[in-house]
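Okay, so chain A shows up in both of these, paired with chain B first and chain C after.
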Partner chain A sequence: MSHWRQYLAPALFVAPGFLVFTVFVLYPMAQAVLMSVYDYKIVAGAVSTFIGLTNYLRAVSDEHLWLSLSNSGVYMLFTVPPQIALGLGVALLLQKSSPAQPFFRVLYYLPVVTSWVVVTLLFKYLFADRGLINFLLGLHVSWFSERWTAMVAICALGVWKGIGWSMMIFIAALQGVPNSLLEAAKIDGANPWQRFLNVTIPAIWPTIAFVTIMLVIGGLNVFTSVQAMTDSAPGGSTDVVLTYMYRETFKFLDFGYGSAIAVLLTLLVFALSAIQLRFFRNEATA
Partner chain B sequence: MTRRFSPAEALRLTTLAVGALVMITPFLYMVSTSFKAQQYVLKVPPQFIPDPATLSNYERVLVRGDFVQYFLNSAMVAVTATAISVLLSAMMAYGFARYRFPGREWLFRILLLGLMIPALMLIVPQFVLAKWLGLIDTLWGLIVFYVAGNLALNTFLLRGFFEALPQELDDAMQIDGATDWRRFIGLALPLARPALATAAIFTFLATWDEYAWALTAITSPQNKTLPIAIALLQGPKGTQWGLVFAASIVAILPVIAVFLIFQRHFVQGLTAGAVKG
Partner chain C sequence: MKFAMTRRGALLSMVAGAAIMLALPALAEDVTITFWGAYGNGGNSTQQDALNNTLIPAFEAAHPGIKVQYVDVPYDSLLQKLTTSAAGGELPDLVRADLGWVPQFAKLGVLVPLSDAMPDFKDLADKTYPGVLATNLYKGKYYGLPLDTNTRVLVTSQAALDAAGLSAPPATFDELKASAGKLKDAGFSVFADGGLGAWNIMPWIWSGGGDITNPELTKSSGVLDSDQNVATVQMLVDLYTAGEIPNLIIGNSGATGTSDGLPSAEYANIFDGPWMAGIWKDQYPDFTPIYAQIPAGPGGSVSVVGGEDIVVTASSKNQDAALEFVRFTQSEQFQIEMVKTGQMTVLPEYAEQQNGIAPFYATFAEQLKTAKNRLAISQAGKVDGILNTELTAAFKGEVSVKDALSKAAAQIDQLLAEENS
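Our next item is the complex of A and B:
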C-alpha cells in the first residue's frame, strides 16, 4: 500500500484554497515586513535600497503618527465601552421573547449591515453646519472645523453602527445563562441587580471578553469612516493610524514607511489582544 | 381581549422604542432627502416630508447609465467572489475536518492568522503584488483579493460544521464505493447548506460593501464599484446630498433584502464564532 495515496484526497481538498491564501495573504504579510526595511520604490526600474530600521526609527519620533495614534485611542475609548454597555443593555431588554422582539432586533441591527461608506456620508450630512443634529439640539456648531468636535461625529457613528452587533452576540450569550441559577438566586433573596452582577455577568464573561477584544481590534482599524467623513481635516488633525498610513503610502508613495506603520500597528493589535486575554482569564478565575 | 402591561413592561418597551427611534431616524431622513432637490437638502428648519418631492435623483441614478454600470460591477464582483470563496473554503474545511494528515493543525493555525490580521494592514504589499500581476484596475483584481480575504473566516466557520456531521454517513457511502469527491459533493455539501448559506451571506455583504481596496485598486471610471462611486459623489464645493442618498438607497436595498430574508443565518453565523468557543 503506497504511503502517499492516503494523503492525496486531503491534499487536493486543502491545496487550492491554501494556495490562494498563501499567494494573496501570507506572501503579502511577509512582504510587508520586508518592505518596511527598505526605501521601497514602486516605480518600475527604480532601485529600492536597504535602510534597516530607519523607517521604524522615523515612526517612533514622528509626531503626527503619535497624534494619529492618540486619535485611534480616543476612538477606542469612546466607542468600545458604550457599544458593550448599550449592546448588553438592549440585549437584556430583548431577552424575553415577545412578538416585538424580532422587530426590535432588526431595527437595531440595520446599521450593522449597511455599508460603512453609506452611513459615513449619512452622518456627515446629519452633522453638517445646517444639518439635522444642530437643528435638533438647537446648536450652531461647525462640527468638522475642529479636531474634537469632528471626533465626536466620528465616534457617534462608530457607536451607532456597532450597537446591533454586540447586542446580537449578547442575546445569544444570555440564552446560555442557566435559568436554574437565576431562580436559585431569586429564592435566596437577591434583587435583579444582584442577580445580574453575580449570576449573569459571570455566566457571559467569555462573551464579554470576546466582544471587548473584537471591538478593540476594530477600533484600532477604523479607516473608512474617518477617510470618508473628514478626510483627516482640519489639517490632518483627525488622522487615525490607518488614514495616516494610507496617505503616506499612496499619496506620498512612501511604501516602506507605510509598511513600517502597518507592521507596528499589527504588533500593537497582537499585544493588546494578548493583554486583554490575560486580564479576562485572571478575572474569571479570581 | 386586552393585554395589560405592568409598569416594568411599559418602561421596557418605551426604552426599546426610544432606542429604536435613534437607530432608525437617520435612515428615514436619508430616504426623505433622496426625494429632495438640491436647494432643499440643507434647508433650516429641515424638511422631514420633502416638499416639493422630486424623483430627479433616482432618475439620475437609474436612467443615466453610469450607476447601472457600477451596480453591475458590484454585483459581478460580489457574486463571483462569494461563490469562489465559499467553494474553496468548503473544500478546505472538509479536508481539515474529515482527514488526518501531518501538519494539519499547523496549516489550520496559519490560516487562523489570517483572521487576526485586519485587511488594511496588508493593503500596501497587496497593492504591490496586484501591480506586479497586472491586476490593478480590473474587476478580477478585486475578486481574487476578496476571495483570499474571506477564506480564513469561512473555513473556520465550516470546519466546525463538517466535524459535527456524523462520520457514519461518510463511511456508509465509502462502502458503496463513492469517491472522496462524490462524498463531498453529494453528501457533505447538501448537509452543510445552512452553514454554507451563513458563509455566503457574510462574504457577500463584506464584498458588496468593501471600500478601501476598491478605492486603491480601481482607477478608471467604468470599473468602479458602488461604494467608491458613492464616496466620489462628494464634491469639493457642496455635495449633491439628494443624489448621494438616492444612490445609497439603491446600493443598500440588496443588502437589506438579503438580511431580512436570511436573518436567522446571521444569528447562527455570529454565535458560531462567539459563544461556542
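Our next item is the complex of A and C:
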C-alpha cells in the first residue's frame, strides 16, 4: 500500500505533461508512421490503400530527395562548427563582468528571439543583387541565382542567428568551471591557452556535447529560412529535406510520401544523435 | 354526447393547431449556405463590401428562404483551409476557388460536377470565355463555372521606348528580338519575368505555335519538345545569354521584381495582369504603363487564363440553394458589380459594358478571346516544378533547349499516365 502510494504523487505530477506529450507528439508521430505505409487519402471517408514500403522505396530512389538531403547536410556541416566556435568565443569574451557586458549579451541574443521570417527577409535584402553585401564587397554577384552561392547566404543567416543561443548555454557552463582548478593550473605554470584546453574544455565537455547534438538536429531540420529566402529556386536546387517534404505533403497532398520522408529524417537524426552521444562519452572517459 | 363531440372537436383542433404551429417554423426556416472566398485579399474591402452589401442582399431578396453567409479567408491560407476542411468533412457549400485548384479538388471527389447537376449548365457555360470555362473541366466533366477572370498582357514602359528610340511596344517575336540590343544599350532588359512555370512560359509557347501536351492530355513527349517550342525557348535563352533578360527568370530572389523593375526603368517589357494598375497607382503614381497584346509568334498572340471559379461541394446539404447562387453569379448584376470593384467579367457579352467602366480592361478583354488554360490536371503544381527545374538548366546553358524540353516532357508523360490510370 505504502509502496503504491510512493509512486502516486510523482505520477500525478507527470501526468498532465505526459498527456499533452501523448496527444500532441506521440500520437501524431505514430499517425505519421502509419500514413507512410499507405497511399494516404486526406478526404474524410475516403479509403486509403495499404502499400507497404512503396513510399520508402520511392524515397530511396528519389534523386531530388538525395539532393535535398545533401543541401541539409551541407547546411549542417557549415553552420554547426561556426556556431560552436563563435558561440564559445563570444561566451569567453562576455564572461568577465564589465559595464558593457549585459548590453553585448542582449545584442548577441537578440537574433535568437527574433522571428525566422523577419530575419530571413532581412538577409534576403542584404544578399540581393543590389544589396548591402554586394555593395560593401564591391561585387556583382547574384547570390540567389546559383545553388552554392545561395547556400552561402542561407548558412550565413543560420550562423548569425544561432551564435546567441550557444553563447548563452556556454556562458552558463563557464560559470560552473571550478575556479580552484583554474588557479591550481595557473600555479602549475599553465598559460591561458593551456588552461583553456586542459581545464575549461574538459569541464564544459558535457555542454559541448549537448550544444553539438542540438545544433546537428536543428541543422538537419532547417526549413523556414530556405522556404522564405529562395523558395527552392533556382529550379529546386536549394531544396532541403523539410522544404521538399512540405511541398510533397501540403502542396501535392501526397501525405503518404511526405510522412515517409519525415520518418526517414527522424531515423537519420536519431542515429546521428546516438553516434554523437557515444563519441562524446568515449572522449570524456578517454 | 354533444359535449363529448365538442371536446373531441376541440381536442382535434388543438392538435391540428399545434401541428401547424410546429410545422410552420420548419417551413419558413431559412436555408443558410456558406460561401468561402478570398475577395478581401490584400486588405481590399471593396469586393467584400459589394458582395455583402449589394449582391448577397439582392440574391436573398430574389430568393426568399435562402440566406448566404460569406466567409472571407486570406488567399494564402485558403488552399490549406480547404484541404484541412476536406479532411475533416467540414467544407462550406460554395467556394470561390483559384482555377488551378479545381482539378485537384475534383480528383479528391469533394466537388459536385455541375455539368451533371445543372440541367441548364450548357446554356450558362456557352456564354463564358472558352479558355476560362476550360479551367473547370476535369476528366470530361465541369466542376464549376467561371466567376472572374484575368490574363497576362504585355506591359511596356514608356521610358524604355523613349530611351531606345522605339515608337511602340513589340507586336511580334521579331520586333522584340530586334529591340533587345537598343534597349540593352539604353540600360534596359528587353523582358523580365519571375519564373519559368506554366503561368510564365505558356504565353510564349502558345504564341510560338506550340503546346505542352496533345489535346487529349495523354502525351507531352513530341509536343513539348517540338521544333516550334525549341525555337521559342531558344529565342528566350539567347536573350538571356546576351544579358537581355535578367536572371530573375530562373528564380533569383535577389533580383528586382517585375512590378518594381518596370516602373523604375530597369525592365522594358513584362507580362502581367490587370491587378497591377492599382498597385502602381499607389506605389508609382508617375508611372503610366502601356498595355498591349502579347507579342505574336507563329501561333499568333496567345496568353494564359487566370482567375477564379465557383464550385459547389459534394458535402453541401443545401445543394439546390447553392446551385441557385451559382446561377446568380453568372448574371449581369453580379458580373458588372464586380467589374466596378476591379474584377474582370467572365462573360464576353458584358465586355463592352466593362470597358466603359474601366477602359484599360479593353486590352485584357481582347487578349482573353484567345487565352488558353494551363494543363488541367490534378498535379498541375508538379508541372510548374518540372518546367522550372528543366528550363532553368537550359537557361544556364547546362543542357540544350531540346534536351531540357524532352526531359520535362518525359516527366509530364508520367503525370499524365498517373492521371489517366
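Everything below uses one rule, namely that the second predicted complex is superposed on the first by the 262 of 286 C-alpha atoms of A that agree within 3 Å, B and C clash if a C-alpha of one lies under 4 Å from a C-alpha of the other, contacts with A are read in each partner's own complex, and residues count from 1 in each chain.
Note that a residue touches a chain if its C-beta (ideal position, glycine included) is under 8 Å from a C-beta of that chain, and two chains touch if they have at least 3 such contacts.
Small disclaimer: the values here were computed from a predicted structure and weren't measured.
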_Per the contact definition in the header, classify A:93: touching chain B only (first), chain C only (second), both, or neither._
first
*Touching A:75 in the superposition: chain B (first), chain C (second), both, neither?*
neither
*asked:* Quick one: is A:20 in contact with chain B, with chain C, with both, or with neither? Answer first, second, both or neither.
replied: first
*asked:* Looking at A:130, would you say it contacts chain B, chain C, both, or neither? Reply first, second, both or neither.
replied: both
_Going by the contact rule set out at the top, does A:233 touch chain B (first), chain C (second), both, or neither?_
second
*Classify the contacts of A:38 with the two partner chains as first (chain B alone), second (chain C alone), both, or neither.*
neither
_Going by the contact rule stated at the top, is it chain B or chain C that touches a larger number of residues on chain A?_
B
*Counting only touches as set out at the top, which of chain B and chain C does A:145 meet: first, second, both, neither?*
second
*Once the shared chain is lined up, is A:244 touching chain B (first), chain C (second), both, or neither of them?*
neither
_First (chain B), second (chain C), both or neither touched by A:110_ = first
*asked:* After overlaying the two complexes on chain A, where does the chain B footprint on chain A coincide with the chain C footprint?
replied: 42, 128-131, 250
*asked:* Applying the document's contact rule, which stretches of chain B touch chain A when the two form their complex?
replied: 12-13, 15-16, 19-20, 22-24, 26-27, 29-30, 33, 41-46, 88-89, 91-92, 94-96, 98-99, 101-102, 104, 107, 110-111, 113-114, 116-118, 120-129, 131, 144-145, 147-149, 151-152, 155, 180, 184, 205, 208-209, 211-212, 216, 227-228, 230-231, 234, 239, 241, 244-245, 248, 251-252, 255-256, 258-260, 263, 266-267, 270-271, 274-275, 277
*In their shared complex, at which residues does chain C touch chain A?*
80, 83, 86-89, 104, 108-110, 195, 247, 250-256, 379, 381-382, 385, 388-393, 396
*asked:* So in the complex, the part of chain A that touches chain C is made up of which residues?
replied: 41-46, 124, 127-131, 142-145, 229-231, 233-237, 247, 250-253
*asked:* Going by the contact rule set out above, which residues of chain A touch chain B in the complex?
replied: 7, 9-14, 16-18, 20-21, 23-29, 31-32, 35, 42, 86, 90, 93-94, 100, 102, 104, 106-111, 113-119, 121-123, 125-126, 128-132, 135, 160, 163-165, 168-169, 171-173, 176, 206-207, 210-211, 217, 221, 223-224, 227-228, 242, 245-246, 249-250, 255, 258-259, 262-263, 265-266, 269-270, 273
